[in-house]
Each structure stands twice: as structure tokens, then as C-alpha cells.
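Letters are used for the chains, namely A, B, C and D, taken in the order the chains are written, and counting of residues starts over at 1 for each.
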């Protein structure tokens, strides 16, 4: 409880400070400090949740349970390395591309922290309206970040992102309204019907017709935000155009946040109409996303677009796993949501160093990384292992747990389709990776960033690999609590 | 609490009337070739929305709805159209929206969407509760129409118009179904909407300065 | 970790030893200036020692001492990981230990410091994964080990990061193996879901209780998956690509042990767990085995790359294994369980015997290739006089792989023939049709393999060196040479003491065919090998070896008597009918088996082109260029079309993402409409 | 354990091996209206070679010095379990059909390696041809005897002989005759006789077996020659006693043994006549026709096997 408000406030305050500081050598430090503080507070929150269980705060506006704690950890634990890397990367880019000439100083940091704050609020919000507002805020902040470099591509990507996500968001608002209405008669005091906890507890009495309608709109709306096919179209453009640290954050933290928002609706619907119906829809969209990503992963020239499609595939896998509805699958899905974030963030951060070093975003322009730069090459290999899900990366275990739960469930067909998709994706990704890692390196490739920029990536890699061979009890308990929230 | 079942209200007919006007203005916007005309249509749409809000406020006597109505008038019927108009002027005056398909075909499509929306949402209500009976279908229909506008127009600004129409529709649902959400929420929603439109305007500007005009069909450099 | 009994300690020692050996070189790179011993010598010795421990565990398990499995809970859902050999995995663990020890002892550091320690670390990790794969008793652990085994060996295949051949090989290997692993995992998880447990014991219990149709479906999934590792036609393409590219010590483990992991999987998951293999399983395996045998031997015979040749010979022997297992299944299906036992014994015995021989072959040929500076046989030659230690090992392994009596590959094939004949005369169902062809195929394949291996040793080690490097070749470093020589004992022992050794397979045989009495495989005093029938035929490899030696000595004595004490041996230039020829007059590797290539032209479809570079007189061109290649049939006609189809489809599908915002909005609208229409 | 029988048949085979060649040569000479060399000439040659100085190529490896002894050792070992006079050869437990074929293969391998020792053109050439032909001959031989083994339910040579003898009807069964033809072709090629090879020529374009020993001299050559002779006689004995087991003794009574000895010698003489006739009547075939010849043998053997399956299946 005591940890919650500071956690939500530290980021916005830091952002304001950055804005105030402008171009000062303190600005990056403030960014790092607030990210670190957020991570520390999130850890404290997890400890609180594990010991004390779920609790509601701020007069029912905020609510913390396993899912919240887990997503908060994902958000903050990814934000810190990204910010760390960015503090080395963005200045380099600025002086190479003169971006800051067109851009008020300190605003990158401010926007990043604003995004972080919005995501945390959206995660911890109990009031669905508040959650909606926070996610909309996150969308706006990230849209500005996507357009950070004002080159045509960036503007185009930002425009598509903004338009598509705004539409999605407004559909989500309609969903919120419908849910609110479906419970309108139940609760006396105004606004109680917007509180997720109330709705969950009273799910049985809700009007299923409206709940279903609400879930459909939420699926389309927040689904678009989470990048589920076929609402995913904005995603490759945005991820490939956004500054590297931002892309890393969006493909992991923002994805987790939007999914958790969707999961709130899912939980209520499952409790109201019985799990079969929403599970079916989840499985459908999950499998669709995985299959849809396959061709773009097979035939792809750009590294960051490849990662974008891979994150569509992973989001699909998580959704599908939850759609399976068996405890094992849900556990696997949430575990995958957690562990894939580290793999993806690592892969995106590498895009910065390697892409800038090779002056290209095309994969065939940086072969032989293992030889060109053993450190980056090794990290790239680890990232690849994590993305395709090979041991000892944690994604291996999570993927198989998710599918293992699936084979047993009523959606065995979807599980088999997903397995096939995974295999083909493996073919595609291993092909691209074999070309990036091996072969004769290009002349004059050099890691453009100081060696310190490897540290955050090593940290991500370490977590990824450790979670593949050992799952500490607290993490396991956390994931189990989160699974409890999704499907009690 | 019986306020929630205002069948006996004579005013419900006015609400129905306004809801019809709301939908019509949306369709009118969808039928426009000219940008400024579409913006005007949106303005009427917002006015209808504000009136509905006002009526509901009177009916229920809920203060925050009255406030919401005022806000709607202020923001949706005045500020946003102004912003959009300024953009449109900067974008070369009374430009043409250049629809992909001709107006009649577009109208047919919109009609189909409206029918779909009504058929899917009517079923949700019993014979009674007339306000709801008209408003939710209208709002869903308008949502689809707004989306259709976004799909079928080349101009960036037209897509903004479609988007704000969608927002209106949802706001209609909020007001009519639930007699308004908690005030704070509505504030936030409106604020976000405002910022969003401002941002969209900003990016329309950027598109112009990078592409030289606002034909969004040219924004296809990122593919595959 | 629960340590119980000597075996538990030994196994734990092996596992931890390999783990440390894997981590040491990595950690050493973190130290600013690590001592060389820490980077290579120490981990190498440690790994070799751990493999010896593993071998001991395997032998004790063969003797019936199976420790309660080690348990460790990594925190994932489900039961703790359990690790321990049982009767079935025992022979494989023993094989792994023996070959592993040799391959680490022979793993001399080559090239850059960094590369060498990286290779060693990967090698140790690969060994660890393989040990875990053989001893895992837990679904998740098994899959982790299985995939790690593939991944690490693929990394070793691509250890030369600049070689595009290595990259292609590693990719094909990874891709096909992963597809296979997916089949395995599908079956395993379906099973564990029904069992509600990840433990093999529970799986077996459930598996046996499943309705026949479902059990059969699972068994076929397993078969598909493990056939990839066993490299049965047409899933074999990765093997001749990948095995040669790895460093020689690793190739030894790949060909000698890892291929047998496929056999282990087939026996464990398609036979032991369900109690009996599904219908037609035997027939399919026999046919696949026949095809693999002949293809492997044929391609080996026309191959000129030393290590590829050995890889193809592995393909041939994998075929023999599949044939034996298939026969066993057919016989068991027909109720001839004692003959089925003979076939199974053949499979297990040949698995180990071939493992020894092939590992020795790869180690020694690897040394020769390293010394001669090329894998191409035509760049070697005359090494026997330059690398005596290596050439002895190479000779023994070559003769063993030829299936010559009293060496490790003979007894297995003999048992196959026995089961063929007995099964035929027992009139066992389809066997009456299959047996003759199987016999013919086995005989043909062996004869072709003989040609291939004679070429290998004859061209590389005998005659005159064909290049300066080969002429300047030196024998392997002392440790490696002694390793090779001492490892030579294993294939010899496995051949000479066949009857005794066959008895040691009683435990695994009992695990598969409970009512089979393995003691009947050996005759009186363990001197003769029998097909489990007293009235059948028998062989005594040791006796044969003794007789040959005896008569050879008699001949020596006779000559001594015939010619007294005159000096009789004189060295002189080779006699070429009076002409003085240089080394190029020797037959080339391609030339040596050209007649075979011509005979089997219709199958091989090899391409030959001859162009005259410099005309001399009309009948004698001064310089010619002769090219000859045997096309890769399966890649061209089976795999390339598939890949092309997939890529083409993807190209088409990419049109979904045209970049048009309106289209994307239309997707959203359509989704919404669809949901409204059919969502509820 | 009748050690006597073992020693007897071994000595018999080893001693008579060179003689058979002499007999064939003599018959040929007579057919060509020549007096020909004396029947015992071969023994004299062997003794002379054994006494001669041996020249070894400077490129030869230590293996080259061992091979000749191993060749002879293997050949003689074959004699210990081949049924010559009786269906109860003593050492049957040590070797059977498969072991016999494997030992023959071993000799082939050693010979091919020996040919490659000197690093000369002829060695490689003949080794190459040798490998190609034996790659077809070995399976054909295997198949042919396999046909009998299937009927005898055993790969034990003596049992096969006994089984064939016990079932006279089997002698004229199509499969039996086909197998006999196949095995005869194999024997002809294995022993390097016309029409596959010509033992007296040294013309490099045609020679196969002679080329492999081109660089071998002195006592090594003597050992090789003798080993070849013994191997040839063993093969002939196998044909004689497995396919046409008339007169072979089931017991060890002297009378039966004597009869068996006569029958055996008679069959060998018959073979000699046949070989001599073919050699003087037919010409050697082109080298690249030989594979077809052997392929035919393989095919015949396979047909024999399958027809057997179909008729008795």
C-alpha cells in the first residue's frame, strides 16, 4: 500500500523534472534515477503482494494483485535497462543525426517517463475509466516518441500508430461504457460499477449480453493496442521507426500493459459467461496472430521489422495460451509474457548498436557478427535463442508449458496449429540469425557505442538465461497469483 | 433509482429525435466530398450530442451530466471544429476529401453498417426502455460510420473527422446508457480527446511538411 | 539433489564434472590474463574424467545396478527433474562415456586461444546435454537436453564462422532436427497431459493403458521425431552435411553416439513405454533401413571427402540399426519372441560396436586430415609411414567398419542375418517377403561399404603422398596418439569377445522383451555366439582370429625353413613396368570407385564434364580439366521444392501489409463487423 | 572332437590347392594340342618364389609385410570348417556361411589395400576393378548360398549340405539351379578365370587380379599365390558340397570317407574340365561387360531366393 502511490508518482515527477531541467547533464541521471526507483518500488510492491495478497487502495481507484505486480515488474525491469542504454545511445544519435536541433531538450526523457508513468497507472488502476485514460495517455506519449526522429518514415509510422490506436482506444472506451451499463443497476454509489473488483465480485449478476458485447469491443480495442492480428498493422512500422530504446520498451512493457488491460475484461467475462466463450475468442485471435506473423518472419529484410513481427507472434502465443484455459497453459502464457520481454528488449537494444555500427537496418548488411564483434555477436546469439525458444533461454520452457497445457485443452487443434507456426518461425529466424552471426564480416564494422552500453544488455541476457534453467520460488508464486487473477 | 427506467418520460421522444439527428449528421459527414462541409457536419453532430446530454441532465437532474453537456458544447462543438478548420485552411483552403468510392456507393455501405448495428444491438433490449432502445444502436451505428469515413477518405484531416465522430458516438453511449460516468472519468476522457486531436493536428502538419500535402494514400513507404 | 549409493555419486560426478568443464573456459575469459591450463588443459581433463565416470555408471547399470535417480527441482510446474540410467539406457550411457572420454582426450587445442576454449566449452556442454538426454526421466528435462544437444552440436558444426558450408550445414541440421523435436514434444506433452505427470514412469503407465489407436498415433509421432536423429531416409540429408563440418572429436561423438540417441528414443518411446510397437511399425522401419543402408553405402563409395565418406557410412549403419529393430518388431508381432530377441540384440550390439568403430575412425581420420591439411582424399596419401600411431587406429577402425570378422561391427550384422534366416524359416508373416530382400540389401550394402572404406584407407594412408603437406605430415601429439591407440582396444574387444559382450546386453533386452532369455546368445563357456538356438549355427570370433594367427605363424615358420638365414627383404622403387612415374600416376579417390559409379549410374545420375584446356597433337591433349559430381538427389527433388513453396506462399502473403492506412483501418472495421456478426 | 578330421581336411585342401590349377592348365594344353607343363609345375614355382629375394616398394607401409601371411592364414582357416568329406567338419562351431563370406571379404580387402601400397598406376587400376566386381560378386555369392541356408534354417555350412543331400527333390528345384548358376559365375570371377579375367595375361588393359600383385615378389608372392589357390579350392569345394552334395559322408567310417573322397575328387576334376573348356572355347569379355555378367549373377540369386519364397511361401 505504502509503496503504491510513490511507484505511480515517481515516473511523472521525474518526467516533470527532466522537462524543467532541459538540456542539462542531470537530465539523463534523473531519468535513470527515477527508473531505478520505480524498479525498486515495484520489487517492494511484489514483496508486499506475495506476503499480503491482493489489496485495493485510494478509495477503490487502485488495485494491486498478482497480475498487477507481475506487469509492474515487467514494465520497470525493462524500463531501467532501456533507459540506461538510451542514456548512452540517444546522445550519440543526437550528435550524429542532429535530431535535437529540431527538438526541445529533455523532452525525450520526459516523454519516456510519462509513458512509464501511464503504463504503471494503467496497470494498477482498478477503475476501468482510469485505466482507459492512462492507456490513452500512454498511446499519445508513445506516438510522440515514435515520431521522435522527424524523418518521413517516422512521421508516417507515428500517424498510422496514432490513428489506428486511437480508434482502438475509443472502441475500448465503448467497451468500458457497456460494461459499466451492464452493472448499472447493481451498485448504489456512482462509479462503483467502474471498479474492476466490484465487477469481478458481482460478475454472476452482470447482464451477459452486454458483457459479451463489451468484451467484443474490448478485444478489438485493446487487442489493437496489444498488436493482435488483424489489428496489428501499425506495429511493424511503429517499432521499426521508433528510437531503439522506445521500441524495446513498447514491444515489451506496453504490450504487457495492454494485454493486462484486456485480461481484466477477460476475467470478468469468463466469470460472467463461463470461460469457454472468451477462451475460444482468445485462442482464435492468438492462433491467428501467430500464423499471420509467419510469412513476414520468413521473408524479411529489416532487422527491427523482423523483431516487430516476432513480437506479434509472441503476443499471439500468450493470448493463445490463456485461451487454452488450463492452469498449466495460463501459467506458461504469463511466464512467457514475462520472459519473452527480456529476449525482445535485448534484441531491440542490439538493433541500436549493430544497426548504427553497420549504418543499416538491413540484416544482410551485418553478417559475421560473431567475428566482427564477439561481445555483440554473443548477445545477438542469446537474443536469437530467446526469440526462437531454445534452451537454455526461458522462452523454451514457457513456450512448451503453454503448448503442453494446450494439447490437453479443448483447443488441441489450435495448439497443433501454433506448434506448426512455431516450427516454421524457427526455420525463418534461424535462417536470418545464421546469416547475421556467421560468415565474413563487412569491412570496418565497429561498435559505435562505449563498451558500457553492453552492460544493460548483459543484464537482460542473464535474466533470460537464468529463468531458463531455474525459476525462483517468488517468481513462480508471482506468476501463479497472476494466473489466479486471470482464471480463478 | 427508477430514474433508470424513464419510459413514462415524454421527453424520451426528444431524445429519440436528437439521436436521429445525431446519426443523420454523421451520415451527412460521410456523404461530404468537401472537407469544410464535413467539419460542419461534425459540428452539428456534436451539437446533437450536447443536446442529448442536456436532456439527460434535465431528466436525471444529475449535475455532472449538465457539466458534461457544457463541456461537450465547448470542446466538441467549438474548439475541435475550430482546430480542424484551421488545419484545413492551412492545408490549402477548401480542399476536396477525395473519397475512394463515389458518394452513392458510400451511402449504401453506410446504410449496410447502420442496419447491421441496429440488428445486432436492438436484440439487447426488451420492448421498454425507449431511450436506450434508440441510443445504443445509434451510437454503435455511428461508430461504424465514423470508421467507414476513416477508411474511405484520402485526406488526413478527414480521418481525424471520422475519428472524432467515433468519439462522439461513444460519448453518446456513455451519456445515454449510463447517464454519464463519474465526473472525473468524463473529464479525463474529454481531456484525452482534446490532446489526441491536438496531436493528430500536429502530425497532419508534419505530414504536410514532409510530404508536401496530406494525401495519406502516399504514406506507404513502410510495408511488408 | 539426493545422492544415494555409489552410482548416484558417480553419476552426479559425471554431470557436475561436465558442467564445470563447460563453464571453466567461459569463466576463464573473464579473468584478465587466464592461465592456459585453466582455459584448456584442466577442463579437457575434467571432461574426459567425467565421461569415464559416466562409462562406469553405464557398465554398472548394465550389470543391474541402477541407482535411484538424482532429483532436482528447478521450480517449473510439475515434478522435480529426475536423472538416472536404467536398463534400457545403460548401453547408450556406456557408449557415451567411452567415446566421450576418447573424444575429449583427443580434443587438442587448435587455432586461436579464444576459438579453442569456445570449442571446448561447447563440446563439454554438448556432452553434458547428451548424457542428460540418455538418462533423463522427466519430460521437460528430456526436451531441454534434447534441444540443447542439437543446438550446441549445431554451434560446433558452424565453429568455423567464415565457412559458408558450415553455416549451411548447421542451418539444415538445426531446422530438420527442430522439426523432429517438435513431433517428439507434441507426443510427449499429449502423453504427460493424460498422465498428469512429467515423470517417465507415470507416462509409461498411462501409455500402456491408452486405447490402441491413440497409443499408435503417439508412437508414430515419436517415430517421426526420432527417425530424424537416426537419420533414416529421407530425413537423413542433414547428417552428411553436418557431421563432417564439426571438429573431429565432435564428429566422433556425433556419428558414434548421437545418432544412437535416435535408436534410444525409438526403443524407449515407441516400444518400451507402450509395451509393444504399433502395427506396421516393423515394416516401415525395415524398408527405411534398407533404403538408408544402400543409399549410405553407395554415396560413401563415390565420395572423395574423407569425413563425408565416414558420415555416409554412418548413414549405412543407421540403416542396419533400423533394419534390425524393424525385424525385431515384425518377429515380436508374429509371436517369435526369441528370434525377435536376436534381432534386438543385433540392434543394440551393432549400435555400440559401430559407435566404437566410427568414433575411432573419425578421431584418427580427423588427425590425418589435420596433418594433411585437407579433407579431400586426393590431397592426402602415404600417411601410414608418416603417422604410424594414427594409421594403426585408422586401419583398425576401417577394417571394423568393413564388418570384417573378429572386429566390432561383425557380430551385429551376423545376428541380423541369423534373425533373418530364422525368422524366415519360422514363417513369420510379412517376413517371408521381406527377408530375402533385406538379406540381399545388407550384403550389397556391406560390399559397397567395403569399397568405400578401402578407398578411405588406401588413398589417404597408403601409396605416395599427393601433396607437399601430406609429405610433411607428422603424427598426432603424444596424448592424442596414445588415446587413439588405447581406444583401439574397444572395437577389437567388442569383436573378439562378442559372446561375452552380448551377454551384458541381457538387461536392456529384458526391458524390451521381458520373456527373452539373453543367456542363450552365448554357447558353452561364452566361447561361441549363438542365435539363441542350440540347433542353429554359431561363430567363435576369437577362435577364428586365433586360427588365422596360428596359420600365419606356421607359414612364417615354413618359409624360415625353406630359405635358411639369407637376408631376403630389399626396399626399391615401386615397379611400374619400367617407367618412372610421379605421384600423379596414382589412382585418385574418384578414379578408384569410378567403375562403381558407372555401374550405379542410373541411380546416382552423376555429372561428368571433360574439357581440353590445351590441345597438343590431335590424339594427346596437353592439359585437361575433368569434373565429376554426384548430385544431392534428396535436396534437389524433395527439400528444395518444399522450401520454394513456403517462400513463394510467404511472398504472396506479404501483400497483406501494403502500407496503406486505409487498408489497415478496413481490417479493423472488418474485424469489428465480423465480431458483431459471429462473435456471440 | 575329431581333431583328426579337421587336420585331415585342412591338409587335404591346402596341399591339393595348387594341383587343381596345374590340372586345369594341363587339360587346356591338351585341348590346344600342346603337351603343356607338368601337373606339379605349380609346386615348383611356389618353392622357387619362396626361396627368392623379396623386393618391397619403398613406399609400402608395414601392413604390406603382414598381409601375405594374413592372406594365407585366412585361407587356411576357411579350410577348417568347410565340409569337404563329411557333413560334420570339426570346427563348424567357429565359422559358418556368414563367417566364410566375411573371411573371403577380409582377404579381398587386404589384397586391395596391398595393391595400393606401392602407389603405382597398375595397383590402383586393378584394385579399382577388383572392388567394383567384388561389390557385385560378394552379395551374389551371399544370396546364392543364402537360398540354401533359408531351406536349411541355418547358416551352418555342414547343416546346409546335409539338408540339401537329405532332400534330393530340392536339387532340381528351379531356385536351386538358379542359385547354382549364380554361384558358378561368382566363383569364376572370384578366381579370375575367363571370361571375367585371364590368369595368364599381364596386359594392363585387361588384368584384374594379376595387377594387384604386380609389385609383390619373392616369398610374399608365394604366400599370395598359395592363398589364392587355397581360396579357389575352398570356393569350388563349397559349390561341390553345398549344391551337389552327392557322396558326402554323414559318418566318420573309413569306407564312407573314402567314397566321399572319390566323389569330391571327381567333382573337382569335373570342374577343372568345365573351366578348361570354357577357357579354351570362349573369349574374355570386355571389362565393362563384366558388371552386367555379375549383375546377372546377383539377379539370378535374388530370383532364386524370391522364387523359393513364392513357391514354398
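In this section, a contact is a pair of C-beta atoms (placed from the backbone, for glycine too) under 8 Å apart; a residue touches a chain by one contact, two chains touch by 3 or more.
No experiment lies behind these values; they were computed from the predicted model shown.
With steps allowed only between chains in touch, the distance from chain B over to chain D comes to 2. Farthest chain from chain C, judged by C-alpha centroids: B. Of the two chain pairs shown, B-C and A-C, the one joined by more C-beta contacts is A-C.
As a whole-number value, the distance joining the C-alpha centres of chain B and chain C reads 70 Å.
Chain A and chain D have Cα centroids separated by 78 Å.
In this assembly, the C-alpha centroid of chain A lies 44 Å from the C-alpha centroid of chain C.
The distance from the centre of chain C to the centre of chain D, each centre being the mean of the chain's C-alpha atoms, comes to 35 Å.
Among the residues of chain C, those touching two or more other chains are numbered 654, 657, 659, 661, 665, 668, 672, 676.
Under the contact definition stated at the top, the residues of chain A that touch 2 or more other chains are 159-160, 163, 167, 171, 213, 236-237, 296, 299.
Residue positions of chain B touching 2 or more other chains: 140, 147, 150, 159, 216, 219, 221-222, 224. Under the contact rule defined at the top, the touching pairs of chains are A-B, A-C, B-C, C-D.
Against chain C, the residues of chain D that register as touching in their complex are 47, 50-51, 53-59, 61-63, 65, 69-70, 72-74, 76-77, 80, 91-99, 101-103, 105-106, 108-109, 112-113, 116-125, 127-129, 131-136, 138-139, 142-143, 146, 149-150, 153-156, 159, 204, 214-215, 218-219, 222-223, 288, 291, 295, 298, 301-302, 305-306, 308-309, 313. By the touch rule above, chain C contacts chain A in their complex via residues 74-77, 114, 140, 143-144, 147-148, 151, 158, 161-162, 164, 166-167, 170-171, 174-175, 178-179, 182, 185-186, 189-190, 192-194, 646-647, 649-654, 656-657, 659, 661, 663-665, 667-668, 670-672, 675-676, 679-680.
In the complex of the two chains, the chain A residues touching chain C come out as 159-160, 163-164, 167-168, 171, 212-213, 216-217, 219-220, 224, 230-231, 233-234, 236-237, 281, 292, 294-296, 298-299, 328, 331, 368, 370-371, 374, 385, 390-392, 396-397, 400-401, 403-405, 407-408, 416, 419, 422-424, 426-427, 430-431, 434-435, 437-440, 469-473, 475-476.
Within the complex, the chain B residues that touch chain A are 1, 4, 121, 123-124, 139-140, 143, 147, 150, 156, 159, 163, 166-167, 169-170, 173-174, 177-178, 181-182, 184-185, 188-189, 192, 195-196, 199-200, 203, 206-207, 210-211, 216, 219, 221-222, 224.
Of all residues in chain C, those touching chain B in their complex are 654, 657-662, 665-666, 668-669, 672-673, 676-677.
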